[in-house]
Amino acid sequence: MLTDLPSADLHTYRSDQTEPADFDEFWAGTLAEAAAHDIDVRREPVRTGLTTIDTYDVTFRGYAGQEVRAWLRVPAGHQGPLPAVVQYVGYGGGRGHALASLLWASAGFAHLHMDTRGQGAGWSVGETPDPAPAGPQVPGVMTRGIRNPADYYYRRLTTDAVRAVDAARSLPEIDSGRIAVLGGSQGGGLALAVAGLRDDLAAAVAFVPFLCDFPRATRITDEYPYREIADYLKTHRESVDQVHRTLAYFDGVNHARRARASALFSVALMDETCPPSTVYGAFHAYAGPRRILVWEYNGHEGGGILDEARALDFLREHLTPTATP
Amino acid sequence: MLTDLPSADLHTYRSDQTEPADFDEFWAGTLAEAAAHDIDVRREPVRTGLTTIDTYDVTFRGYAGQEVRAWLRVPAGHQGPLPAVVQYVGYGGGRGHALASLLWASAGFAHLHMDTRGQGAGWSVGETPDPAPAGPQVPGVMTRGIRNPADYYYRRLTTDAVRAVDAARSLPEIDSGRIAVLGGSQGGGLALAVAGLRDDLAAAVAFVPFLCDFPRATRITDEYPYREIADYLKTHRESVDQVHRTLAYFDGVNHARRARASALFSVALMDETCPPSTVYGAFHAYAGPRRILVWEYNGHEGGGILDEARALDFLREHLTPTATP
Amino acid sequence: MLTDLPSADLHTYRSDQTEPADFDEFWAGTLAEAAAHDIDVRREPVRTGLTTIDTYDVTFRGYAGQEVRAWLRVPAGHQGPLPAVVQYVGYGGGRGHALASLLWASAGFAHLHMDTRGQGAGWSVGETPDPAPAGPQVPGVMTRGIRNPADYYYRRLTTDAVRAVDAARSLPEIDSGRIAVLGGSQGGGLALAVAGLRDDLAAAVAFVPFLCDFPRATRITDEYPYREIADYLKTHRESVDQVHRTLAYFDGVNHARRARASALFSVALMDETCPPSTVYGAFHAYAGPRRILVWEYNGHEGGGILDEARALDFLREHLTPTATP
Amino acid sequence: MLTDLPSADLHTYRSDQTEPADFDEFWAGTLAEAAAHDIDVRREPVRTGLTTIDTYDVTFRGYAGQEVRAWLRVPAGHQGPLPAVVQYVGYGGGRGHALASLLWASAGFAHLHMDTRGQGAGWSVGETPDPAPAGPQVPGVMTRGIRNPADYYYRRLTTDAVRAVDAARSLPEIDSGRIAVLGGSQGGGLALAVAGLRDDLAAAVAFVPFLCDFPRATRITDEYPYREIADYLKTHRESVDQVHRTLAYFDGVNHARRARASALFSVALMDETCPPSTVYGAFHAYAGPRRILVWEYNGHEGGGILDEARALDFLREHLTPTATP
Amino acid sequence: MLTDLPSADLHTYRSDQTEPADFDEFWAGTLAEAAAHDIDVRREPVRTGLTTIDTYDVTFRGYAGQEVRAWLRVPAGHQGPLPAVVQYVGYGGGRGHALASLLWASAGFAHLHMDTRGQGAGWSVGETPDPAPAGPQVPGVMTRGIRNPADYYYRRLTTDAVRAVDAARSLPEIDSGRIAVLGGSQGGGLALAVAGLRDDLAAAVAFVPFLCDFPRATRITDEYPYREIADYLKTHRESVDQVHRTLAYFDGVNHARRARASALFSVALMDETCPPSTVYGAFHAYAGPRRILVWEYNGHEGGGILDEARALDFLREHLTPTATP
Amino acid sequence: MLTDLPSADLHTYRSDQTEPADFDEFWAGTLAEAAAHDIDVRREPVRTGLTTIDTYDVTFRGYAGQEVRAWLRVPAGHQGPLPAVVQYVGYGGGRGHALASLLWASAGFAHLHMDTRGQGAGWSVGETPDPAPAGPQVPGVMTRGIRNPADYYYRRLTTDAVRAVDAARSLPEIDSGRIAVLGGSQGGGLALAVAGLRDDLAAAVAFVPFLCDFPRATRITDEYPYREIADYLKTHRESVDQVHRTLAYFDGVNHARRARASALFSVALMDETCPPSTVYGAFHAYAGPRRILVWEYNGHEGGGILDEARALDFLREHLTPTATP
């Protein structure tokens, strides 16, 4: 059943999320700090047994110069610089097994599939640790360091995501003028953040994005992972304002207000995990060209493989050679 | 937690399932009836946007000559007859979207992905109907026609699965001496059935197979789809013996007793859907060479992509050109 | 708790369901096709051990002339043509055991209790099959043939229900001017459909009717069986409009707009299965004289035996001998 | 799935329940005290609208001479003393609506349907209060007065049940030599208790009886109502022995050891509410002639209407006129 | 997630609960009847092993002069009359173990912790029975005697609560001008009732109070214990008006309208058990000085120990010696 | 219901957990490393409003010299060195609010209530972070660093717990010869670990201890937090042996084999979180004098306040002045 506002109200809904006065300064400082470390991309070929795709185990330097892993998949025997998809992963998972996620490379893209620090044990495996102190928190990463924007987990992960594009740009197989960021749920939230923080992207794709419109999201759903925040505030009752001050720096709504790349969103009207109004909150705030796929009878699976099929068309349209003079 | 016998007891467990006296006659008659119809394989190329894989929408004649759909995926620009994987789908799903399941073709196999009659609306889509009268039944297909082996749904579906191999053999891309059947859950149960009903397979792979050891399975799990049978008997209380007489014709244990192809099984010790003893019931009965992957802390997802990775090795081993004089 | 609109809003709620342009034509054609088969009512007395009620196992020809079963119960030693109740059964069940449902015959009515094709294994047994192809569908009958009105399961079942009245009219024990249709949930939905499709009924009784106001029902409840439709559309994402086009032919709201017999509805304000607004959607659309029993603190059980007690009074009022010149 | 021992072990299972030394004395005193009050049966005809059954609202004096209600249903226009069924009700319910439970009278029996003190608001209504102090207890009646056999709720209810037979014997419609007691769940437990406490019954019928083998029952199921006892002991941790001492006076196993009337039991092997071993505990202890209906795939609904159909045959066999010289 | 109206709407929400014409008369009569019995406070010192607190097992006469138990805890070696907290317990519990609830005495108050008649087996133990007839009811005490205000369980318990203050006033350790009533959930509802029924209190503290705004509460939550009322009305469908007439005498909204002592409320915006609008219903109706603690991300646990910490400050403020001339 | 072996089998159950060859060496090294940092106990008095208890906010140096917080509560105006209880907290919580947990100080003990690093947001608050890299893990701390004993979370927390006793010994209020460690669940597991790692304790109390008998625990319960390990292994399928090698260093069974202080355990036979056999696994292995409280009808709440009441007696017995020459 519908988990949020009726369809008509979603079209007029606008998020109330506010911007911290130093939002841009906070992120400029954060990224400058990361950029002080060389990107230092390394890679090892992986024997997967696949004959149509070449796979590499990639390492680059993310937040604070810490090592972040990724898979690079390219069509076997490819020629010339390829358009690229930099993909971020949904909550709980890591970059997964080398044999998974063959779609983008099979469609002719270079596919850089970034691992997620400190996750990677939920629904898919990962290898990247999160080397940072963990204050009192509820299980999961949503409240790791949440009392202070500088300590918050998503400061580190978002920085990794921004740096993954730098890593992509440094690879000879990739045409740096034809890079898109893409992801679903947490991966979609990261794609929006990167779209707001970089100006060199050809496109951004965010399926049923998470990490958007926190003030509303934390009050209208009981589902994890948004609920981790509510669980934390259930015990740390006196930190409500402080926590929301932190979250404003990481809200996809605020990132969307700064984005310029063409974007494809998807939203599912029966989504309990990322309620549709929170997705529309980011969509309506998105400052660049935007489209949205609406799935009326879906939950957080969204459009599933149809989301990907539509994104394939969308990316072909925006990542054509002519688009990159 | 463990959902069945402790590990040591699984190794000594043997199924009590009995064989109907006319088991072989029943199936010989059923398959002869289907073989009276020409296999009539047709195919249309599908535009998927993939550059490394060619995809075809295939139709062949299954049970009673009824049309059954499948996807055929082959490496783009392949040369010479390929080893092939004929895959059957898990309960509720159909052959899915053309963009899904790229693994086998990416690894150099011809991949024939058979649709499932009358399912195809659960977790993946399908197109093949089940043109047969539906007697009183509980929701799902487990009790469709269950009062009589001749009317039972799985008589039709198993016949389709056997015929899919005939369809594969008729395709020029496929080396008919190097065909394996493969599937998970219901797909694994069908792979076992086909392995018992054909003598021309190079290998069979059954991940956490369903449709095995019904007398025990229907009594030790509350999970669907085995539970559909219990639900039916809850109302049709006087049909217990009749239903079990029907099921004996379709039990993977009885099919396994006749199989000769090399087989790879997997089993998960925390599987509630296909309790491990029922898988071992079929495994211990399997008459050909056999191996089993044991996943100690998994449920019905079994080994997931690791099951596939191990199967990839297994198939390379058994479907090498030298294996087919 | 209340599962839908507050009470005051229910009184002003009107369904948005639209009518297909060829609604009447569709049904006229469907019923004409069925009427081309003789009703061919046959019956066998059943030994139940009851001394106050005579019971018969009845067979008549329903959709496409297919055989449909029913129980006929009449007071033992009855005299003269009796007023009659034709009853339809709730989702999942069949006509049940011969010893069940003694109320109407014990109250002096002839009681024709129609079986439900292809159900009859859920909460009560049945014997009538549904001889029709089953396309890809989710478990249950709600999506069987749903892509096309001509193939939809409820086309067949509704036709059976209309024909059951013909069967009743043909029985010598029954006064054909004093026939009411009655049912709860799916049975209530069928009673409304028959009331819209026939003009010879003395009364119609629909307890907490199902099959009403599909566009809203499929969006506001997570409960089965409405949810079967949502489950189907969750996978068959591109069929939303097509499915709703089919459903409009079967919506109790559209049938109610054509009904003329006096009707008694019931509705329960805590009903999650058939949300009260959907019942009011049909009630407010009902074109004949109408009353509604409102149960404030009930779920889908509605008024239970009080619904039946009130219906007994209602039927006595509308099925008196003087009502039938 | 099976909720208790495998079938073979049920046949050899014997309850460990022990007997209090003064068990017989306790009950003799209790019943003598009740018998000191005149049974004082009164009745009012009820207008139900039924034409085949006459219904009366009956009051008699039960425990401590307190008024207990019941329905008496007899075939309309009956002649001569009838065989009778005294029925007790399942946990939570009361005698229900006058229009319900028409089976026994429709089959030619006088049917005395006893109300249950202080229940009658769960699944069916009742009118009889339980005028007794309620000590600290968990919700429900299972722990009302449980610290002392003299105060325990079931001392009062069992006495009512014994007295209901006295009430039946006093009615002119009833042949006092042809009286059976019958019930399901709590009603079955009461039937066993009455069978152990009276020597003038023609038969006893206990469907999936409750109130049997408490020491085991309270440890092997999480389902209510047995769980009420576990809930109480969860808080009143130091009362475990005291509570079990009380329960021994009310255990169907101990009553069964004293019963002599022919008995029909039923048991369901997937019953979580009254686990099958506890039913077998009473069945194997039953001192009179006994039979048991075994439903392999049912839960606490047991055989449902098939239990009643079989009981109808059983009662015809044991309540024939010739059985009562 | 929010379980009720958004925050802004809570501030303007006013309860629709009406007052019975004889509300004051009803309570005046009830309390006069109780006052006809001497309060008869007795106490026994309890050996707890604590060195900083003296504990007594207290008995006084409550409703109808029936014995009610309580704990009295005072700082060991205290001097002079102390300010006092009379505490009432949440639903299901009793006064608990002597070693529990040390806060108030450790903070320098005399703490009279009243037992709850007929509860005391849920989450904490009790010893006080409820010597009254139990009519048909659902499990729990919410519907015990609910057909008539004179018989309703909460008439007796509320009277006990009023009398507990008389008991406190009679104790030499307690300064009768500095008595506060306090409780959470049911205890909070009782505190409000006592605040409305007495004029000699220095303060009242009600954490997430229960027993408020019944007409709305019984319709907007599925959680127990409010749901007991809905469960009762689900079966006793014809008693809706009668039940609400009874409840109006016991609604905290009506008591609040008469209260004069300074009050501290708390409310939790994610409370499903006592939905926030029902708390605000009582809060806005409260006739004395009032404050409310709002916990945005909490359920029925409310502010937990922070509620108590704030109440400690509040009580120090209102129970200072100077406050009692 | 019973969640594990029947009572008789629990008495004979012995854990199969094995000891790493370098178990003692591992811990000796770990503790030596911590001891290289001065314990550096600091404390600030806290204004709680309590009059009978003095409370201090304590900081000491735990693992790697990192700061760990604790509350110290002592009877106000105490004289001379007191016997002390060092308490560890259950999973998810921290040391909680200063106003909570007044029992031990009210009973005359010095009470050092240690915070738990990186938890403290679940059911009670904390302030102590866990400054360590978090590798891929599932939510919670059970799999933080689990691939290597040196990195495992419980290496750090156990070291803190050992050091807390050093902190206690350094306090002038505390008689260092009369110190007991105590806790429930995780706190109980830590108490056992400290009892195995120190030889200067007067007593150890472990209520329903967690962290015991991992090989069995991870296979027989679905409840968190043991299930975190199963969740991890569900994805990291190839790390089963590695994970169990790590866990052996932290298993309460192995610590118990080395303990010498008198111990009081409790166990609950309906505990799903810490199944009783795992508690008995540690109990039977405990090398010092031992007793166990058995709660037959309890879950993980164990004996609740009765556990504490019995522990109060036990501690008085073992922490008497004469016990400390």
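Lettered A, B, C, D, E and F in written order, each chain numbered from 1.
The working rule: a contact is a pair of C-beta atoms (placed from the backbone, for glycine too) under 8 Å apart; a residue touches a chain by one contact, two chains touch by 3 or more.
In this text the structure is predicted, and so the values were computed from the model without any measurement.
Chemist: Which neighbours do chain C and chain E have in common?
Modeler: Neighbours common to chain C and chain E are A, D.
Chemist: Is the contact between copies chain B and chain D built from the same residues on both sides or from different ones, judged by whether over half of the numbers are shared?
Modeler: On the two sides of the chain D and chain B interface, the residue numbers are mostly different, under half being shared.
Chemist: When I count C-beta pairs in contact, which pair ends up with more: B-C or A-B?
Modeler: Counting C-beta pairs in contact for B-C and A-B gives the edge to B-C.
Chemist: Quick one: superpose chain A on chain D by CA and send over the rotation angle as a multiple of 5°.
Modeler: With C-alpha atoms aligned, the rotation comes to 180 degrees.
Chemist: How many Å are there between the centre of chain D and the centre of chain F, using C-alpha atoms for each centre?
Modeler: Centre separation, chain D to chain F: 50 Å.
Chemist: Give, as an integer number of Å, the spacing between the C-alpha centres of chain E and chain B.
Modeler: 63
Chemist: Which chain D residues sit where two or more other chains touch them?
Modeler: In chain D, residues 306 touch at least two other chains, as defined above.
Chemist: For each chain, which other chains does it touch, given as pairs?
Modeler: After working through each pair, the chains in contact turn out to be A-B, A-C, A-E, A-F, B-C, B-D, B-F, C-D, C-E, D-E, D-F, E-F.
Chemist: For a test of understanding, state which residues of chain C touch chain D in their complex under the given definition.
Modeler: Residues in contact with chain D: 49-53, 75-76, 96-97, 99-100, 102-103, 105-108, 305-306, 308-309, 312-313, 316.
Chemist: Please output the residues of chain F touching chain D within their complex, sorted ascending.
Modeler: Answer in residue numbers: 1-2, 270, 295-299, 301, 303-304, 306.
Chemist: Okay, in this complex, where on chain C does chain A touch?
Modeler: For chain C paired with chain A, touching residues are 218-222, 230, 233-234, 237-238, 240.
Chemist: Under the touch definition given earlier, write down the residues of chain D that touch chain E in their complex.
Modeler: Going through chain D, the ones touching chain E are 92, 94, 118-141, 143-144, 231-232, 235-236.
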